[in-house]
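Encoded as structure tokens, here's the structure I'll be asking about.
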Amino acid sequence: MIRFENVTACYTKDTGIFNLSFTILKSDMVFLMGPTGAGKSTVLRAIIGDIPINSGKIFIDDQEIPRSNSRKISYFRRKVGTIFQDFKLIKNKTVYENIALPLRITGTPGKIIREKVYEVLKQVDLTGKEKSMPLQLSGGEQQRVSIARALVSEPLVILADEPTGNLDPIVSDDIIDILEKAAQNGTTVLMSTHNYPLIRPRQKRFIELNKGYLIQ
Amino acid sequence: MIRFENVTACYTKDTGIFNLSFTILKSDMVFLMGPTGAGKSTVLRAIIGDIPINSGKIFIDDQEIPRSNSRKISYFRRKVGTIFQDFKLIKNKTVYENIALPLRITGTPGKIIREKVYEVLKQVDLTGKEKSMPLQLSGGEQQRVSIARALVSEPLVILADEPTGNLDPIVSDDIIDILEKAAQNGTTVLMSTHNYPLIRPRQKRFIELNKGYLIQ
Amino acid sequence: MFRKFIFLLSESVKALSRAKIPALISSITIAITLFIFSIAYYSLTNMIGYSHDFKRKYRIDVFFSPEVEMKQGMELFNTILLIDGIEQGDFVDREDAAVEFQRLFNYDVVEIIGENPLPFGGKYEIDKSYRKAREMGKIVNEIRLIPGVDLALFSTGLIMRIDKIIGNIVGIGFIIGIGIFIISVILVSNTIRLIIHAKQDDIHTLRLLGATDLFIKFPFVMEGILQGVIGAGLSILAITLLKSILYYILGEFQFVILEPVMLVSGNIVAGCLLGIYASYRSISKYLL
Amino acid sequence: MFRKFIFLLSESVKALSRAKIPALISSITIAITLFIFSIAYYSLTNMIGYSHDFKRKYRIDVFFSPEVEMKQGMELFNTILLIDGIEQGDFVDREDAAVEFQRLFNYDVVEIIGENPLPFGGKYEIDKSYRKAREMGKIVNEIRLIPGVDLALFSTGLIMRIDKIIGNIVGIGFIIGIGIFIISVILVSNTIRLIIHAKQDDIHTLRLLGATDLFIKFPFVMEGILQGVIGAGLSILAITLLKSILYYILGEFQFVILEPVMLVSGNIVAGCLLGIYASYRSISKYLL
């Protein structure tokens, strides 16, 4: 569950997000729509504490997200799987190690890591690329590594920031299927996108933003 | 004009592009289609000499693209405007300086640079963002900076690698309009994309790739 | 926890072998530091060796009155030996004195003066802890008061000068030592800070994935240690090389021998400590 | 071309003010190098000052035969003055000799021996270029052959020792100088190489946009120069500070005065050269 209560987080007086309030229930998959620069990424970055909130409150599963204490934020972030718009892959680690990272951070045994990584590699159709470095991949492949990394730790919440921008329609559909299945298994999924044709057939709820404000 | 003659450029035995031959005429706009990992970026990178060619020849305006001599390659690249799939913006330069870079490289006077930069800023609808740093922009805004940089020097050839992946349908259409207008003015435009719905209405020729091979 | 440790350890090794240039640069910096340290250490050791040479000059010459004969002279000699600060002594009879005179001043008294004018006497070596101009002055005065002693003397000027030089060397050496230490830490931690600077995007990503401070810092500290070991290796190599070169150029002079065990173990321990301290310092300044 | 130059120049200044940490680190490295150099330079100057002190000992003492009287002695004295390598001299009569003897050996010959056994003689200072044990030996032999000269001597042992020490100091100083130079260049170019390493993505982007080598290299060289100037400033500050500290601690000793103009101009020129050379070196190794 994700709840925003009058959240304002702005970079300057008129860029950022302003006075947002909404609730996304557990096991729900919600799309965050809006034109470029609307504030979609800002919403997601506010949830994982990547940018500070000026006012208002954000709750995950009825717990307010931690702010100051860096240790608490770390443990909170482990519950969230994020697909970043710019992928944020570690350049000098292999695909395998990039995907394994969230599990390394929680100290998962190597054998279990192996199993899980190979499972998500299959899901995103990258089997055979595990030894490549990120710069040896095509744009779409890099994006799928980022998706796999968000899935591998089976998080409570998945934040997907434009996860299909570099993927062709068929693969995009597969990815959204995977996210939908995760939601069915109890994960809360919030996915930002401006690809309306892609999500229209899904019949999901969507939240629409424009210039930082919610459109009712 | 861009001409490929039996070009092979491969990373490993079965990834890369193989035995490609095609011609794109001056003032033409051609789409490079294909699923993720098909080799679209590889084609574009081969044209600007970012990766070596194993065999075959690539011609721009009937001149073979230079290989070894680094000075010749530099002068050749100035005739090409590239929109990179991963933007390749310089992080510690402002939007203005990023866009001005191709003109700085050719030693254009500052006054002319100013005029041209503000003109393309208006074209890609980023007026007012010229003093921002790339990391202070949304994904779509960064992509438009990259587009503006490719347009600013009015190149003979524009190579656009998935230039609308981070843009909403309306802005994407505007961008393709800009590229089409450039083609009408004599520029050769080669744009890679997997967004078929976006380009269908345009009625342009397209080249289709799959696993590195041309699909006739 | 242990699993995480193993992972982080292997990560550090990988980081070193992958990010070759930064790691190598850091190692070279450490190597240079250790090299300077070792050179300084062995220079000091050699200098002390030198000054021991000088210290042989810390000797008091005693001349007995001309009327003192052999037997009484021996008694006097033994009395003086018992004074605090006298380490050992040699009895000097008339002929010895003449020979000594010739050795010191390069000419023969007997030849100049026609007869041997020198009385019996003694040469005394001074205990190490008394080898200062002031202490020696006291001893000399004590000896002078003994009946039958005509003269007791030491070369004040020379000893004062040596005292001054050694004082200066120790003082300057101390300042240089502090200087080298500060410089080393600055240089190594700067290098590591540059490496962290280059990795700051990756560090931000790790933070967003929920990594704790420890997880992020550990590889840097481990890298510091590994670079310390590599740096130590390089410096040991360089010193061994330099030693051979010095032997070749200045072969005629005597050098204090470099004990290999000391050199190797000292360098490795110092390298590791330097690596740990510098990386930890740069991390805490830069990461938090 | 000129326009491009202006742009690149302003770029370099911006780069320095934006990428604060790497630039500062490079400046600090240069500062440390210049600091060490300056310290070494002024230490050497001071050491040479010291050794001049020692050189006063380069003196030949001549004793005439006992039967030589005043007038003949003066003639002999003047003859010797004309020998090559003799810079100046003082005539020593019997009383002078006794006084000198007491000054040197701390006791009175007349008191020991009962009469003044010392003949007339002379003290001669040796020309700088002859101040070596071998040269002096030649002069002494020449003097010895003059009729009426009984003895000519100099304190061989001491002079040989000083010769050795000065030889050592110059030799070691030379090696240290080369060492510092190599170390500096390695350190500075390593730092710049690290900076280039961190910027390699940007450099690749510039290449893909058609930038020539010069366009890419120029800012790094300019940055090197600017860092050199900043480093020089820092080192001048540090040396001025150190000087006051040394004055405070070792106030009793005399130091060669640091000429401010020399210090400032020398440091700035050396800083720039170091910056240029190191950046150029790292660029050509790393960029091509």
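Chains: A, B, C and D, in written order; residue numbering restarts at 1 for each.
Methods note: a residue touches a chain if its C-beta (ideal position, glycine included) is under 8 Å from a C-beta of that chain, and two chains touch if they have at least 3 such contacts.
These figures come from a predicted structure and were not determined experimentally.
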| item | value |
| --- | --- |
| Contacts common to subunit A and subunit B (chain labels) | none |
| Most widely separated chain from subunit D, with each centre as the mean of CA atoms | A |
| Interchain centroid distance [CA atoms averaged], subunit B/subunit D, Å | 61 |
| Centroid distance [mean C-alpha coordinates] between subunit D and subunit C, Å | 22 |
| Computed distance of Cα centres, subunit C from subunit B, in Å | 66 |
| Numbers and ranges of subunit D residues touching at least 2 other chains | none |
| Residue numbers of subunit B (touch at least two other chains) | none |
| Touch-based graph of the chains, sorted into line, ring, star, complete or other | ring |
| Interchain contacts (touch definition) - all pairs | A-B, A-C, B-D, C-D |
| Of subunit A, residues touching subunit C in the complex | 48, 50, 70-71, 74-78, 80, 82, 84, 88-92, 101-102, 104-110, 149 |
| Parts of subunit C lying in touch with subunit A, wherever the complex brings them together | 1, 3-4, 7, 15, 18-19, 201-202, 204-213, 215 |
| For the subunit C and subunit D complex, residues of the former touching the latter | 21-22, 25, 28-29, 32, 36, 39, 43, 50, 63, 66, 105-107, 112-113, 117, 119, 150-151, 153-156, 164, 168, 171-172, 175, 179, 183, 186-187, 190-191, 193-195, 197-198, 246, 249-250, 253 |
| Subunit A-facing residues of subunit B, complex | 11, 34-37, 40-41, 85-86, 136, 138-141, 144, 161-162, 165-171, 194-197 |
